[in-house]
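Okay, handing you the structure first.
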Amino acid sequence: MLEVQGISVSYGKHRALEDASVRVAKGEIVVILGANGAGKSTLLKAISGICEGHVSGSVRMDGTDLTDKPANRIVEEGIALVPEGRGIFPDLTVQENLTLGAYSARARDEEAGNLERLFTLFPKLHERRRQVVRTMSGGEQQMVAIGRAMMSNPAILTLDEPSLGLSPLLCKELFQNLKAVRDTGIGILLVEQNAKQSLAIADRGYLLENAHIVHEDSAAALAVDPAVQKAYLGGAAAKPVRSAPVAAPASAPRTQRPAAADPAAIAAAAMQNFAPAKRAAVAPPPPPPPVQAAPPPSRPAPAPVTPPSPAATRPQGIQIDDLVSRARATSAAQVSTRNAQQPRRDPPRPKLADRTTAMPDLGNSADRLRAALDEIEQAARRAEAYRTDHNRTPKPTGK
Amino acid sequence: MEILITGLVLGGTYALIAMGLNLQYGMARIMNLANGEVLVAGGFAAFWFYTAGQISPLLTVFIVAPLAFVANWLIYVIILRPLVKRAKSRGQLEVDSILTTFGLSFIAVGVMLAVFGGDYFSYSFLATPVQLFGDTYALNRILAFLSAVVICGALYLWLNHSRTGMSVRAIAVSPDSAKLVGIDVPRLSAIAFALGGAVTAVGGTLISSFLTLDASTGVLFTLKALIIVIMGGVGDVRGTIVAALMLGILETFVASVIDPGLTLAAAYALFVIILLFRPQGLFGRKTT
Amino acid sequence: MTLTGKDYKNISVVVILLALAACLPLVSGAYLLAIGVTIAMYTVLATSWALFSGPTHYISLATAAFFGVGTYTTGIGIEYLPYWVLPIIAGVLGAVMAALVGLATLRLSGVYFVIFTLGLAELVRQVITWFQNFSGQKGLYVLTEITEVHIYWQLVGLAAAVYLVGWLIGRSRLGFALRIIGDDEEVAAHSGINTSRAKVLLFMVSGSVAAIVGAMLAPRYIYIEPLLAFTPMLSFQVVIMALLGGTGRLWGPIVGVIPFTFLWEAISASFPNQTTLLLGVCFLIIVYLLPRGFVGLLDKIRSKINAAEAYS
Amino acid sequence: MRTDAPVLSLRGVTKRFGGLVAVNDLDFDVAEHQVLGLIGPNGSGKSTTLNLISGAFPASSGTISLRGTPITHLAAQDITRRGISRTFQLVRLLPSMNVLENVKAGAVFGHRRRWGAEADSYAMQMLEQVGMARMAHAPIGQLTYIDTKRVELARVLASDPRLLLLDEWLAGLNPTELEEGIRLIKSLRDQGRTIILVEHVMDAIRSLCDHCVVMSSGAKIAEGTPEQALSDPEVIRAYLGDDDA
């Protein structure tokens, strides 16, 4: 069992990770989701002892303290990292990469057995074992990287964005492979941007936002969490149903800028991603016309300290419009409040458990899914129409 | 034909020296400009053992190699490692290590001058002629060449087929990845550096059996070794051997056809051509 | 060009110091004058070296090559041309040679440049020796009316010129470009600076000055031969003096040159056989104890004093 | 319809690194005064595209032209001189210089070259624009993270570019800083500057961009207004992964 307790990392003045705690047991896949720059890679680097910043906190593997140990010692304790950029030896052959993977003392005795197991898992590596890795495709290189890490006979495998640069098909294959690795009893800690696919194979997940771990839940729960979507596509994507009818009529002149919201409001919307307690508050610019009459704002949206009591006071049908109008009404006020509040955001942060209960109940996930699919179809039609009408990069097919 | 064989023979010994430097620069990432002094020291040892105790240079090799290994290991750990740790960037390490190894080379020259004096030294070992393809060659050169072939071959096998050799190559290819597979990079870098020094010193021992050396010729060998390593591609064993043979043949050609005084000029001309058209070396790959 | 009051002050200080330096032959004996020539020579060489190597961090070991080319320009040319033309020709030759070397190597990493310049003096020496073998002569006699005092004044004048050029470069776009290149070459390129051109230009200045110094010093040697003109030790001494003083400021190298010249005199006198060894020790001392030279040390002390004042 | 050439146009631009195709046959145009968002998941080739435009390395094939003139094979400094300036993903400042000198670097060597007092005053003007004038003489080491970003932006602005490339300029900012950052970029937009924005902060994309190009695995998968592009099913798939459900 890998236990990371209250780890903080800073690069000079820049705090890349603050007080993060994560644990991974053997035989489970744990995924860490988060936007770019949220600190995901830093966390994995800190665990593996290759972080260049200043690290505090503790990393323990089966009770052995690994904090401040050199990277090669950490490998000996059974943690293998597949870093971003793969961490392979591009000028060596597949076979050599794998042999090097088994360099550590803990792996040597089992080298033959591990290799055999690996080749059953990835037959392609066996086929290509004499090939120089640099000449292989991105997906194959990723396979080598995972194979290399598995050769060190790890108890925990950590991977930094393994799907990076892979085509959707290869991604699918990769995640299937990871599942197979998990089934051999290895624990996997996965940092990913590809939320849907990684959640589909994961057991648990953490949401990392702006250097903090803001949420922990089962993978199934995270998969239907609108906050996860928002973390990737921003405010409006979480409510595609609403934006569909009004969004961008195809005839809109393209030089026209979107209704210029004031920057504070934009930032406010963007910041919804950072402030966990306000996850439900969506203030997308340009705001769509309310479908139903919005109830008057009961209190300013950004107040982060006490999470709103769920479901009961907020009928989900009007929730978004409600929040939109509130956000609009208070957007000017928000700036000053926020300026005053943001820096002090940390101390009153509610505990994880509180926050999970504060998650707004979005009802039946099947309904949501259906709505989302409808929306996607509409969007596809719209996009098609737009393409034929307004193809400004003339390709033969457009005419 | 004669030029070709003499050139190949000379190139073979160059390959050995350059291999030593390549281990130090390509693998341990230290540009060692005191490399030539290590070579001269190896030659001195051979000279001393031969004149004082009639010990064959071929035997001296077995004394020189472990001594040079230990000495270079100490140099790396005591003098160079602090620089590696202090360096914030590759560029800074390069400047620092160049200056430091210059200093070391001067110190080595100074010590050798103090111990042996400034004279040329040479001894006559197996200077008997042998017939080969109708021409005559000195036996000591042939022997030196054969020894170089054996050592280069052994090194090549070691690097490509042993576990430690492979991990040394791994450090050369990607030190960051090497850490992740559990390789103790600082320790292995020291070993690569020490081994490079030992190989160079052995090269010096062999060369001293047919070339005249003096305390300050080291820098010429450093230059030649550097040119070979860069021509062949840093960290590339095959390239080193090919480049060394090329240089050996070129030098022999220039020396016998134009003027023996122009060998370095010829080497430089070759070097410039390589720099202009293939700056990554014959076998090196462009870094992007 | 606008000059501030501080500029005027600095200029007058430099002019006064140079004038004082020029007065040395009037008051000193032959020995002191000889040391004066040595100091003036290394000041010019180290300052021009630092003009290029300071901002770019490329370590040039080609000083001896340029110097030797200059010496030979005088040695060969003195028979055919009036003396005053020769330093000019030497300067042009040095610049051309530097341009060629720079174009071939300055695009590449620093190591290639070091290696190339390290062998350059030896390369030129071999070629010249080879030429001489044709003509059958071993060396050249440079017999002129020029005395040690003349050489000294020429060098002081050249030093003034080098300081002026360095000061002008520092105020020019080229100097600004070099500072940017020294900080971050990629930013420099993306700011619109032609980085290789800037580097080659500065290397040309540096090479040209070294060749002029060689041309000026040739009469001192009277007899020149390749081994003397292209002694690699010269390159190393220039590097060490410039680094000892510090390359961050125009006045840095001279701070290294003066103490080092006296130290070197003492070493050569007391340990004539250990000079090489002690030069090596000097290298190590600089790398480990004075990585930014005396200038860096002064800056450090000054900032510590400032910090202490800020607290009190 | 349009008579004037677009400020920048890419046609069939491709970049290979060894066997890996980082950018694959990319076409798009940037019109005058347009703010174009270049978005896509990590590793989709956005930064590589920016590097190709700015001349950090050459394209393997295809053409990039600035107002109809090909600039595909020019060196970085020549591209900058012709009027394309960029910021770097990880801020790159000149550590030995103060804030004003950093900005002056752009003013002196950029698209429109200035020198002496003119460069100083122009650099100062740019510092005012990004709100850093009061720090003009501060050393770089004293700056906070967002301030370093602002100085870098000022340096780029000081070169008077026709086209501005911002590489994840908002990444890594905390909420307060993010707000300032968005306001700053918005002010640039309102001046009518032509900008390519590589960005992950989607709300910023939505509000700042006129037009979006979405990339995935090196290729363009969608294009249009931010609303259109972000609701494109292909885009949703690229970001959230294949939906197995």
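A, B, C and D are the chain letters, set down in written order, and residue numbers restart from 1 in every chain.
One rule holds in what follows: contacts are C-beta pairs under 8 Å (C-beta built on N, C-alpha and C of every residue); 3 or more make two chains touch, one makes a residue touch a chain.
Since this is a predicted model, take the numbers as computed values, not measurements.
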More contacts between chains, A-D or A-B = A-D
Which chain, with its centre taken as the mean C-alpha position, is closest to the global C-alpha centre?
-> D
Indicate the whole-number Å distance between the mean C-alpha point of chain A and the mean C-alpha point of chain B.
-> 51
Just how far, in Å, is the C-alpha centre of chain D from the one of chain A?
-> 25
When the centre of a chain is set as the mean of its C-alpha atoms, what distance in Å lies between chain A and chain C?
-> 57
Chain-centre distance (mean CA atoms) for chain B and chain C, in whole Å, is 32
Do you know which chain A residues sit against two or more other chains?
-> 90
Parts of chain A lying in touch with chain D, wherever the complex brings them together = 13-14, 35-37, 90, 134-138, 161, 163-168, 171-172, 193-198, 200, 210, 229, 232-237, 240, 243-244, 247-248, 252, 254-258, 260-261, 263-264, 266-271, 273-275, 284-285, 335, 338-339, 342-343, 345, 369, 375-377, 379-380, 382-383, 386-387, 390, 392-393, 395
Within the complex, which stretch of chain B touches chain A?
-> 163, 166-167, 169-170, 173-174, 176-185, 285
Report the residues of chain D in contact with chain C in the complex, numbered from low to high.
-> 54-56, 75-77, 80-81, 85-86, 88, 92-97, 104-106, 108-111, 113, 115-117, 155, 159
For chain B, which residues are in contact with chain C within the complex?
-> 31, 33, 79, 82-83, 91, 94-96, 98-100, 102-111, 113-114, 216, 219-220, 223, 226-227, 230, 259, 261-265, 268, 271-272, 275-276, 279
The residues of chain C that touch chain B in their complex are 57, 59, 104-105, 107-112, 114-116, 118-119, 122-123, 126-127, 129-130, 133, 232, 236, 243, 273-284, 286-288, 291
